[in-house]
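What follows are several structures.
One chain, chain A, appears in both complexes that follow, with chain B as partner in the first and chain C in the second.
Showing the complex of A and B:
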């Protein structure tokens, strides 16, 4: 039932682990994507696009914060989760950790599009979460995410001609396999518990199917090829991610590409160098 | 292409010019305007208008208000900084209080 679980005390050990894994996936995706987005600050093609992407980064950081805050129910603190976890304890998809191809705005836009369609679907699958705090926070996040997807689609449509088309295609070739890791489980057993306990009301397989049936036809409409296109039945809605379509590192299981170590090193450096054991708060904890 | 942006704070208010954005078309202009001009201040509605569609007339081209002396319109001899009679001050206070109670102020 929606929001029936008010506290982790009502859960058994497996369910607690599953809740933790689900929240880490959500929070880490948002946090790491925001870290990458901020690399575009003062470097985007125009002032307007710069502000738009910074705006997204700020939104995603805020969302990460809402999820880390729920993780505090399980005894964690935000600064431990962000600054004190080892890189291989992070559970984000490899899509969000990949560095941008040097100065390639198409890369940022393709990533933004692939991610935000997935984000929209997974938020829908959390609307009726059995865990009250999750269900409560979804609406707040959704109100900002609608704009994100629209922004990404607008850019995709406008870049899809001439040289822009080539760049989009390159970015799709690079990023599509990594985007598929958004739907990989932390591990099968944990994933099963996430759904059985009603924390998320749809399985990752179902979400992947919906995602592919949204993104692939959209990309196809812009003349962009995807490795999966032949296997997507536009009307029949049948799709399964094949092992050979996935990259070696999948993020969700703690395996990450080398680029992640560099990024992690960078954003935790000041904290380590100053020998911190807590983070400065400029805002009260998100409600 | 430059789009001039007009922001309305609350329903029924004027759309007031607040800046501009560069955008290739109306849809992108609306999106950029929402971020640049609608995110940090209270906003009910935003207009975007292509800069080239705005007609301008300035004081070099026309004598606004005519060319004869119309300084009498400014009525500078009325004094507004006098001390009011006690009953006027009381009355103003009562009116302000009443407005507050009605939720107007």
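Showing the complex of A and C:
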């Protein structure tokens, strides 16, 4: 039933682990994507696109915060989750951690598009979550995400001619396999529990199928090829992600590409430098 | 309108694009607003690494929003500058990228550590607030109008900077010491923010006569010191021994000018200071790398037979 579970006390140990895994996937995706988006601040092609991508970054950060906040139900605090977890404890998809080559705006736009289609589908599958706080928060996030997908599609269309086309194709080739990891499980058992407990009402396989049937025809319409295009048939919806189409590192299982370690090191730098991890706020007087 | 008439009629928000302004006025106003717009962009460039390095999501959000606001201010100010008909936004942005555009001294210095962020976000922004508040009474109406929005948002930035400073100065002993060290490094630069004293300021007289500037450098610096010395002390910062500062009987402040490095200041003013050049060129490289996107947009936005591409977002 929608929102019937008010507190983790109503869950058994496996269900609590599954809830934690689901929330970490959601929060970490949003957080890490926002980190990458902010790299475009003061570096975007025009002042106007700079402002627009900054908005996206702040939206995603806000959503990450909403999800980390739900994780507090399970006894975590935001600063522990963001600043004190080891890099291999993060559960985001490798799509969001990949670095940008300087000036590769096409990469930012393709990533933005692939991610936000998935995000839309994922949120729909959480609208009727059995966990009350999840169902509560989906509406707020959805009100912002609709605009994101539109923004990404507009840019895809604008760049799809001339030099932009080739750059888009390169980005699709590079990012598509990583985007498929959005639908990888943390592990099979946990994934099964997520669906059985009704935390998410659709399986990852179903979400992947819908995603591929949305993105591949759209890309195809812009003359962009995907490795999966051969296997997407417009008269039948079925699609299964094949193991060989996935990258070695899949994020969800804690394995990440090298770029992630660098990124993690950068955003935890001040926290470490100030010694905040020592969990101290010893009030020493300056005199 | 001739220059004498301009001087006669000069008052807050007296002139707008509907007036036929003499070239001398338009050039002076363009130089001033372009400098201001460039400073917004280069300030944002200096602060952007700290979006990533912020030690909490709240601070990260605030830094991202602040940097975004500054780009927004730049956009607004370039528009106000363009309205004088001397230079287009593209020309001003190109000049900035090519090291010809001038901007605030403080944004030429590198910033390496989080503890330096309140030096900009509290002190420099606080100093900027002082000056900007007076510019709401400038004679070029589009500039004054832009200042209304800029001042409103800048108020939040200063509060954000003050909150970072308060956290650092009530944190561990190490945090407090690092912050004091950063303050000592930045304090002379912050005092130089207001530029050379009135008797040495090149553009002061004309700008003031035509109502573009409503307060002199000396007045602004005194106002800032009166307000910010006690604020710094309240947070436990010690004011460095140099430059020597003395309060006069009339409540204004005297600074021993020889204690400040004016050679460095003028080197910076000419865009010849090495670290500053690094920032200018770093930004240029980033801008060059996305030139292909702007080219795509221009191509898309040129309707047949039209001479000039429209702005695209």
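To be clear about the criterion, the second predicted complex is superposed on the first by the 276 of 287 C-alpha atoms of A that agree within 3 Å, B and C clash if a C-alpha of one lies under 4 Å from a C-alpha of the other, contacts with A are read in each partner's own complex, and residues count from 1 in each chain.
To be clear about the criterion, a contact is a pair of C-beta atoms (placed from the backbone, for glycine too) under 8 Å apart; a residue touches a chain by one contact, two chains touch by 3 or more.
Quantities reported herein were computed from a predicted structural model and do not represent experimental measurements.
In the superposition on chain A, A:179 contacts neither chain B nor chain C. Once chain A of one complex is fitted onto chain A of the other, the partner contacts of A:269 are limited to chain C, with no touch recorded for chain B. Touch criterion met: A:150 reaches chain B, while chain C stays clear of it.
Judged by the touch definition given at the top, the superposed model places A:50 against chain C, while chain B stays out of reach.
By the touch criterion stated above, A:158 is placed in contact with chain B and with chain C alike. In the superposition on chain A, A:42 makes contact with chain C only, not with chain B. After overlaying the two complexes on the shared chain, residue contacts for A:79 are found with chain C alone; chain B is out of touch. One of chain B and chain C touches more residues of chain A, and that partner is C.
Applying the stated touch rule to the two superposed structures, the overlap between the chain B and chain C interfaces on chain A comprises residues 46-48, 51-52, 55, 158. Partner chain A is touched in their complex by these residues of chain B: 21-24, 27-28, 31-32, 34-36, 39.
In the complex of the two chains, the chain A residues touching chain B come out as 46-48, 51-52, 55, 147, 150-151, 154, 158.
In the complex of the two chains, the chain C residues touching chain A come out as 41, 44-45, 48, 51-57, 60-61, 64-65, 67-68, 71-72, 74-75, 78, 113-115, 168-176, 178, 236, 283, 285-290, 292-297, 299-300, 311-313. Here chain A touches chain C in the complex through residues 31, 35, 38-39, 41-52, 54-55, 57-58, 61-62, 64-65, 68, 78-79, 82-83, 102-103, 105, 158-159, 161-164, 167, 266-267, 269-271, 273-276, 280-284, 286, going by the rule given at the top.
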